[in-house]
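Take a look at the structures below.
After this come two complexes, each holding chain A, first together with chain B and then together with chain C.
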Partner chain A sequence: MKPKILISSLTGCSGCISTLLSLDIFPQFLERTKIIYFPFIMDVEEIEECDIALIEGCVSEDSQVNLLKKIRKQTKKVYSIGTCAGFGGILSLSKKRIAEPVSKYIEIDGVIPGCPPPSKLLGNCLIKLIENREIDVDIPKKNLCATCPLRGEAEENFQTKITQINPNPEEIIPVEEDTECFLKRGILCLGPITRDGCEHVCIKEGLPCEGCMGPVSKSFFSNTINFISLIHLSKKIRNYDGIFYRFSKPTFKR
Partner chain B sequence: MLKIVDVCTRVEGHGKVKIYLDNKNEEITQATFEIEAYRGFEHILKHKKLCDLPKIISRICGLCHASQSIASCKTIENIYGIEPSEQSILVRKLLMTGELIKSHSLHFFFQAFPDLLRIFNIHQKILSPYAIIKNYPQLTTIFFELIKIGNEIDKIFGGRSVHPITVIPGGVIYNPSKKNITLARKYFQKVLMNLEVVIERFIELFSKKIPPEEFMIPNPIFLGMHNHGIFDRYSGILGFKEDNKKITNFIEKNYTNYFNKDIDLNGIDFSIGNNILVGPLARNHIVESYDIEEVSNFLSVFDKTWYKNILFTNFIRLLEMYVETFKALELLNDPLVNKNESLLSLTNIKNMDGIGVVEAPRGILLHHYHLNKENSIDQIKLFIATEINIPLINHMITNYAQKLYEKTDIDTIKKEIQLIIRAFDPCISCATH
Partner chain C sequence: MVKEIEVEPITRLEGHGGMRVVLGDDGKVQDVQFNVQSTRFFEKFVEGRYCEQVPRITPRICGICPIPHHLTPTKAVEDAWGVQIPEPARKLRQLLINAKQYSSHLIHFYALTAPDFLLGPFADPALRNVVHVINKMPDVGAMALKMMDFGQRLCAAVGGKAIHPIAAIVGGMKKPLDEDVRDKFLGVIDDQIEMTKKTVDIALKVIDDYWDVVANVGVVPTYYVGMTKNGVHDIYEGDIRIVSPTGEKTDYAPQRYLEALGEHIPEHSYATHMYYKPAGYPEGIYRANCLAMINCADKMATPLADEALKAMREKIGTNVIHHTFAYHWARIIETVEAIEMIATLLKDPDIVNPDCKTLDVQPREGNGVGITEAPRGLLLYNIWSDAEGICKKLNLLVATNHNIAGIEKSLMHVAKQVFEDKALDGLKLPDPWIK
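Then we have the complex of A and B:
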């Protein structure tokens, strides 16, 4: 029996869905599954029983909570696709709207992170899911520094003065063998508190990490505090909004 | 007063149709296409650093992310009074072409094509992708490939297929290697071959038919960008025109003479009239030439009844992909495309207002940022294609719903009017910025 799939979007940009539709394996995915609900590409009415639900976008309205509960009830496994659904995403910057991860309202079986998730990662996960195998990407194992191509050996009493959050255009340099870690150059990089998996696309282009893959551990809040305690942020940066919660809302729950 | 609500399917994002009836349920007073859940980007972006804007703004839309970032960069460059290098402009254009291929193809294959088959009585019940795959295997293979290639092109030139990394205020930080130029060329050649097949198929299936009247646009005012009359989505001036009348041109800086908005209210106010249309069909009326010979041959196959019919947009989408791919191949041959140019520094603010415009796949996208005395952004206005088209959509679906109500029931009507909505290819993510 082909697994029955439901794909639904909450508040987001459809970038995750458009990534899914352009995957190499998307034709194969269609063939090996039975999509029963996917309003972006088909006419649908009611939510029926299904095996796997993929949710894009954050929760920003009451009606979405009801939809999620309905989905949870009818579905064997529910996954958050992308940083919005996984951790709140870009709307975390908003002071007016709520932007919550799906997991705040229903139990989920995993997160496929990224804004949007890298194609390879998403494709591999989907294949595993239709073969009824576990996806383990949601277990944050490493931060981005662990495999970073830049030079930045850990030093004792690592103290660095951060004065910039973006390099000036004329300072952007392509990565070479001995390019130094951004933090050492006084530029904020969120690598230490961001999960691995993006293949360092920004860093390779000469830009620091902004955290779009989401937090490296469930204790994002304390991790961030630890990180901030290790670096010295200039006053201007300290007063600037939305560096650390650009893609994830910190939870204060203990 | 009775109100009937239905959720739109096969459109990007969450939209609803609402049908309002009079007290006696005898007449439909109005039908509307409604989008809710505004995300408030115009508020979120206030007092953000200029360099951060393109990266945040691209998250408004996962389909026209490149257009959003590029419009944002052009706006910031206007504030600094700088012009990016030729090399940067070439890469930006290639990125926009990748985006156009993916966005138009997704819409055509999943959203428009099943409707066309139904409207022209070719196939009544092709509503799931499985049915298209079964009945149109060749087109399926072609469109999956087009979507994938659009995505790959953006990965090459944007550093990431959605939400580009390489586009920054002052230029782009990407210089394509010989290998990537060759790869991109192969991709574009493949796209051209595929599009030739699709365009022929489209002509064969639909060109001899008469498009239904309810899809005719009543007294449209077309608004779009052109570069000395030639199709160009990156640089040029704006123009609007009524059918058969002369075009009125203006530069983006003077947009407030024609339209404006209050960011706390929905919608855009136009002083030039109602029924403004932006997007592929509007561009088709605004430009004098696509600068490619084949295109006029393709267009001449259709008779005049098509020209002001919103269904014609579907054909124009295919043409636009064809034209841009053709031009992209020329851009790749330009020695400037991988010329090493240093990036411009962003030091002196020259203008307290920055305005930038591009033609996104769905039409005009204009950004306006205003700086206060501390050089911090205190006002942002984003003019987005779908938002511009909504009054016209509402006008057309109201007319159609009223006409249908004379002979059919509400349940049918709420499905039928969605055919019109989908033909516009609304992007609700964008419209709910």
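Then we have the complex of A and C:
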């Protein structure tokens, strides 16, 4: 029997769904599953029993909570796709709007993180899910620094003075053999508190990590406090809201 | 008794929307509403952040069109700071936005629209989707996936990431395209052009099949807003162009947008209605997106697309086209232009030229405007920077803003046609291609 799939979008940009549609394995995914609910491309509006639910977007309205509860009741396994569904996402920076992760309202079976999730990661996870295997991305073991291609990985308790949030244009260069760690160059990089799995796309392109893969561990708050204690923010830098948790504010609060 | 017809959620829509039609006792249409998610909170939470950060945050407004939401604020900051970017950067950005246009238009045509036409309006809703189309027409399905894949891969190659790109910086682009990557895309470009031509054939057959519908349902005269560069269709840069219902064209430099574009707060709706200021409200209600762009253009930027535009105008018989169903046709003409632009740009040596950013970037106080044409309509960013480069304010006009009034106007028109005039009875419809 092909697993029955439900795909639902809450508040967000549809970038995760868009990533899913352009996966190499999307034709294979169609072949091996039976999609029963997917408003983005299908006209069915009723929610039926299914095996796997994939949810993108954050929760920002009451009606979405009801929808989630209905989905949970009818579904064997529920997964948050992307950083909005997983950790609240970028919309949680808004002071005028609620933006919470799915897990605040219903029990979930895992998070496939990223903004949007990297294609390879999402593709591998989906194949595992349709083969009824466990996905292991929701217990992040490593931070981004552990496998960083830059020279001089951030060792325990290093101290640094951060003078910049944005690299200057001349500093934005694709990584070469001996490009030095952003933090050591005085540029804020969230690698130490961000989970790996993105294959360092931004860092390889010359930009520091902004944390879009979400927090590295469940103790995000203490982790971040520890990180902040190691760096001295130059007075030049405006300390604005969400500087350390642009994509994961609700997770940070808890 | 008043009867309300509500569609919520509207399916096959990029984003979230709902619509409501209210019918009175007498069967007359009293009201229509089209509601979509707002983007206002982005304008607020970029305030107080570095201007350079804005183009990294705002792509998250739309995962279908993140590239215009990356490039447009970058252009706005460059305008505010008086930064001139090198020519290779301009061409890389053109390549990037055309790659997005190509993939987005094809997703729209094949995944969102085609099921309506290929299965017909009375098909089982459970089957009326792209999955069924792929099952029943595997050749067409495979072709569609191959084309969307090309566009997305090119977006990733130039943009760093296909969704929520990172390549544009204030001052240009981070790096040129690698030569071997460029060669890979060039290797399959002829194949893509052939597939685009096949897509045109499918679209023209659909238009012929549904001619009765195209010509008679939802023909709604409005103003149009788009962008041209000296009158030529352009999605990366140019002036705002307004076209009146009778075809009169007026151009505005992007910085003068407030002279042209007004916002009206209607009593019956949550969302503001945009209109052309000199014409007043509601006379000045306009529509955006591909048909508006086609109406704005004196000509297309590339030969095949320009031929297709001439053919469309000849068949419809006017230069300004009010046929709502012709949006699908206009989208295909823009798709042709996108692949021709991509082919031309990939062959241009500037695409691999490392001189693609200027280091002469200094924050200064002032405001700047950037415009591009996103796949669903004109996109405008007006950014206010302080002397240190902090974003003090952002005014953002997205396609959704531009289109709500126009969508409600055409929805009202069609609701009257359907419920009052019974205009759908007796329309000539083709046999479905697939069942």
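We adopt the following convention: the second predicted complex is superposed on the first by the 241 of 254 C-alpha atoms of A that agree within 3 Å, B and C clash if a C-alpha of one lies under 4 Å from a C-alpha of the other, contacts with A are read in each partner's own complex, and residues count from 1 in each chain.
Following the convention adopted for this analysis, a residue touches a chain if its C-beta (ideal position, glycine included) is under 8 Å from a C-beta of that chain, and two chains touch if they have at least 3 such contacts.
Quick caveat, the model's predicted, so the values are computed rather than measured.
Trainee: Give one word, clash or fit, describing how chain B and chain C relate on chain A after superposing.
Mentor: Verdict on chain A: clash between chain B and chain C.
Trainee: Classify the contacts of A:V65 with the two partner chains as first (chain B alone), second (chain C alone), both, or neither.
Mentor: Neither partner.
Trainee: Per the definitions at the top, what is the overlap between the chain A residues touching chain B and those touching chain C?
Mentor: Looking at chain A, the two contact sets intersect at 9, 11-19, 21-22, 26-27, 30, 35, 39-44, 89-91, 93-97, 115-116, 165-166, 168-170, 172, 201-202, 205-207, 210, 212, 240-242, 246.
Trainee: Note which residues of chain A are touching chain B in the complex, please.
Mentor: 9, 11-19, 21-24, 26-27, 30, 35, 39-44, 60-61, 89-91, 93-97, 115-116, 119, 165-166, 168-170, 172, 201-202, 205-207, 210, 212, 240-242, 246
Trainee: Per the contact definition, I'd like the list of chain B residues that touch chain A in the complex.
Mentor: 7, 9-14, 37, 39-40, 43-44, 47-49, 51-52, 55-56, 59-63, 65, 102, 106, 110-111, 127-130, 133, 140, 144, 147-148, 150-151, 155, 159-163, 165-166, 168-171, 173-174, 342-346, 429
Trainee: Sort out for me which residues of chain C touch chain A in the complex.
Mentor: 9, 11-16, 37, 41, 44-45, 48-50, 52-53, 56-57, 59-64, 66, 103, 107, 111-112, 125-126, 128-131, 134, 142, 145, 148-149, 152, 160-164, 166-167, 169-172, 174-175, 357-359, 361, 390
Trainee: How about chain A: which of its residues touch chain C in the complex?
Mentor: Contacts found on chain A: 9, 11-19, 21-22, 26-27, 30, 35, 38-45, 89-91, 93-97, 115-116, 165-166, 168-170, 172-174, 201-202, 205-207, 210, 212, 238, 240-242, 246.
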